[in-house]
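Think of it as A, B and C in the order they're written, each chain with its own count starting at 1.
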Amino acid sequence: MSWRELPIGGMILEPGNSIARRTGEWRVLRPIIDQDVCTRCLICWMYCPDGVIKVVDMQYRTSKGRVWSFMLEIDYDYCKGCGICAEECPVNAISMVEEVK
Amino acid sequence: MKNEIRIRGVRDLPREELFAPGHGLCAGCTAGTIIRHLLKISGKNTIIVNATGCVEVSTTLYPYTSWTVPWIHVAFENAAAVASGIEVALKVLARKGFIDSSKEIKVIALAGDGGTYDIGFQALSGMLERGHKVMYVLYDNEAYMNTGIQRSGGTPLHSWTTTTPIGTILRGKLQMKKPIADIIVAHRIPYVATANIAYPIDMDQKFAKGLSVEGPSFIHVLQPCPTGWRFDPRYGIKIGKLAIETAMWINWEALEGDFKVTIRVPRRKHVRHYLTLQGRFKGLREEEIEEIQKYVDLEVERINKLVGEEVIGPRID
Amino acid sequence: MEVLESPIKQVRIMLNSNYAVAYAVRDVDVDVIAAYPITPQTGVVEKLAEMLANGELDAEMIHVESEHSALSAIIGASALGARVFTATSSQGLELMHEVLHIASGMRLPLVMSVATRAVSAPINIWCDYSDLMNVRDSSWITFIASTAQEVYDTIIEAYMVAEDPRVLLPVIVAYDGFWMSHMYEPLYIAEDRSHVKALTPRRDRIKLDPLKPITMGTLVGPDWYFELKYQQVTAMKEAYEVIRDYDRVIGKAFGRFYEPIETYEIDDAEIAILTYGGIYGSLLEAVDKLRAEGYKVGAIRLRLWRPFPLNDLLRVTKGISKLLVVDRAISYGASIAGPTALEVIAALYRADSGLDVVSYVAGIGGRPVTEADFQNMFKLALKLGRRARELGTLYWGVRGVSYEE
């Protein structure tokens, strides 16, 4: 790639293209959300520094028969494993397990 | 408040993420959380002016950017000056018909304690004096973190930093944390608030209010930093909460000079609960911890007197 | 009132160079001005403020709290696509130093006028070019004007050059502090400024826009920085041709054709004297006087400083055997302390030219440089011959400094 092809001034023209960097590779511990225990309070979603907890509109029926209209899912491509979600979950639905590749 | 977004709870927050992952902020860096919330409140019609610092270098390492709104960085000390230029340009260009005047584009200056308390103070004070309609968000991690944890005007008393080590003769930072938000209140701008990432709804309401006033606003957000404060990354929010529970940090707002504490603490904890969780306060002697406690007690007394009510209660231990 | 019949109708008016700047900035329909007062630039900002107060100019002035903020503010405004302006001198230019590099690195078409003034310490508010010479590596296109007329014309040209998509580099227009900034001269300005506005149409460029969000001012590592800086190298080089294009546009519109290097009585000259700024007027007088004494001497005026007009210099110096370069700044510790002399010698080296160059430094700190000074510098250079080169740079008019045995 030559100097001619770069936008001048070091400008980045594509918004949010940092998604090309898979920061999930930093992880030493991986958060796992137990959808059965989760009360959908969205506290983990609020606190995640990387915004990798996604609200997914998919029904989930718990083992006790409660039906939720959405689930919380973690994008492991980018999750750095900081553990804030696990620490803040009021019902301990998130556990941090060792990342095994 | 014209156009103020009403946030009553988490369900009022937009789902869309305007801050993309893949940035280089430390694992557990609560600045990432602050930015996510800030952009959810301000929306797509926002221009961010970022001073040099952790956020700037971690989120825009060429050729990658995590920003999906227009973003500009110029230097360390001039976020407020650049934001002033942008605010004025928007006005003139709309007046001359070069840009669509129907859309309100919000201008937000985003800087750390380095670029605000110290090197950035002149530009900030000038911007406030001129009354530009810019919301200045200070993410305060209490040291020059980006260059490797050196002390700033915002570093608290007795905190370790690389330039204020806790040694045998000199005991951490020897000066008090500069009361930056109080100084900003003295500038008589429409809205000043302190916030804490551990209390995101309160913070979001303050962002919304700051964006809605006619004139400058200043939101000072405590941003716990695992790397600089020396704690396990999972405790960022917990430490933020302890800051409030010990009154090391008080969440207040001043709307047109009307002062109000927004997070009351009926029974507060000894500062020890906050300090011992952080490596930057390791090795402090009992009398130094009590000295920190004394200044917190004085500040609590001052705040309660200002409000005219005991909004921050007595210590339980 | 004398009216000049040219494609753009002009009227004759008395202005000092500071006010000439203000009128030109008004005529190009600037959007945002941010400036901090410093002697001897103050007239520029004061006149613009007066124009704003009377509704003569539709723009906004940001009364920034320092020059560093002045340049920062107009960077912000320019990033949004606005047409911007600032003015300064000396210490103000020094204070904005880091932002100068940032402005050119971000490829923003800013325009700044500099009423040149000596740099502290000691503090000195009078004219020399040490402030301008100090910023020569900041990648700003730089013009040095010698008359108030030229100041007016060149400010207008500066916007054309800066905003050209082939360039997108900021531009400085410099002129003598006090000697020109405060001295009234007759000049022609456009009678109807809408003609000037039409001459400088807005052009599309990449800017901050919520509909097309970009990230500006990123952190660039060793892997990409050099390529981005090389873009500036080539933009600066290509700017020469762009400047020549707009010299012709200005010429056709106003009837005044400028060259990057201008000459007087050069055709049969054996020796020439090169200088820049306001003292060129005195040099012209000196050339007439020397010619009357029988010397075959010519005058050369440097108008374009950056990018340095290498080929123009080589062309005008083709027939001469000796060139005196009179600088008004000092590059301390350099082999040749006159910055322009150093530049000229480098240019001649590239052409493998054997032309003898004598470097003079004069007029430091506002000390006047008269016709008599030029005549005497000329005669001294002749007397010294080869010794002048060995001495390196001759400092003219310093008490206690003499080069004659």
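Just so it is clear, a contact is a pair of C-beta atoms (placed from the backbone, for glycine too) under 8 Å apart; a residue touches a chain by one contact, two chains touch by 3 or more.
What you see is a predicted model; the values in this text were computed from it and never measured.
Under the stated contact rule, the graph of chain-to-chain touches is complete, every pair of chains being in contact. Interface comparison, B-C versus A-C: the higher count of C-beta contacts falls to B-C. Put simply, the C-alpha centre of chain A and that of chain B have 24 angstrom between them.
Work out the mean CA point of chain B and of chain C, and you get 44 Å between them. Look at where the CA atoms of chain A average out and do the same for chain C: the two points lie 56 Å apart.
Touching of two or more other chains is recorded for residues 106, 213-218, 220, 224 of chain C. Residue positions of chain A with contacts to 2 or more other chains are 10, 12, 15. Shared interface positions of chain B, i.e. residues touching 2 or more other chains, are given as 60, 62-63, 65, 67-69. On the chain C side of its complex with chain A, the touching residues are 105-108, 168, 206, 213-218, 220, 224-225, 227-228, 230-231, 234-235. For chain A in complex with chain B, the residues that touch the partner chain are 10, 12, 14-23, 26, 41-43, 45-52, 55, 75, 77-78, 80-84, 86-88, 96. Those residues of chain C lying in contact with chain B across their complex are 31-32, 34, 58-60, 62-66, 68-70, 72-82, 84, 98-99, 102, 106, 202, 208-210, 213-221, 224. Chain A contributes residues 2-3, 6-13, 15 to its touches with chain C in the complex. The part of chain B that touches chain C in the complex is made up of residues 44-47, 49, 56-57, 60-63, 65, 67-75, 77-78, 80-86, 88-93, 95-96, 98-99, 103, 105, 122-123, 125-126, 129-130.
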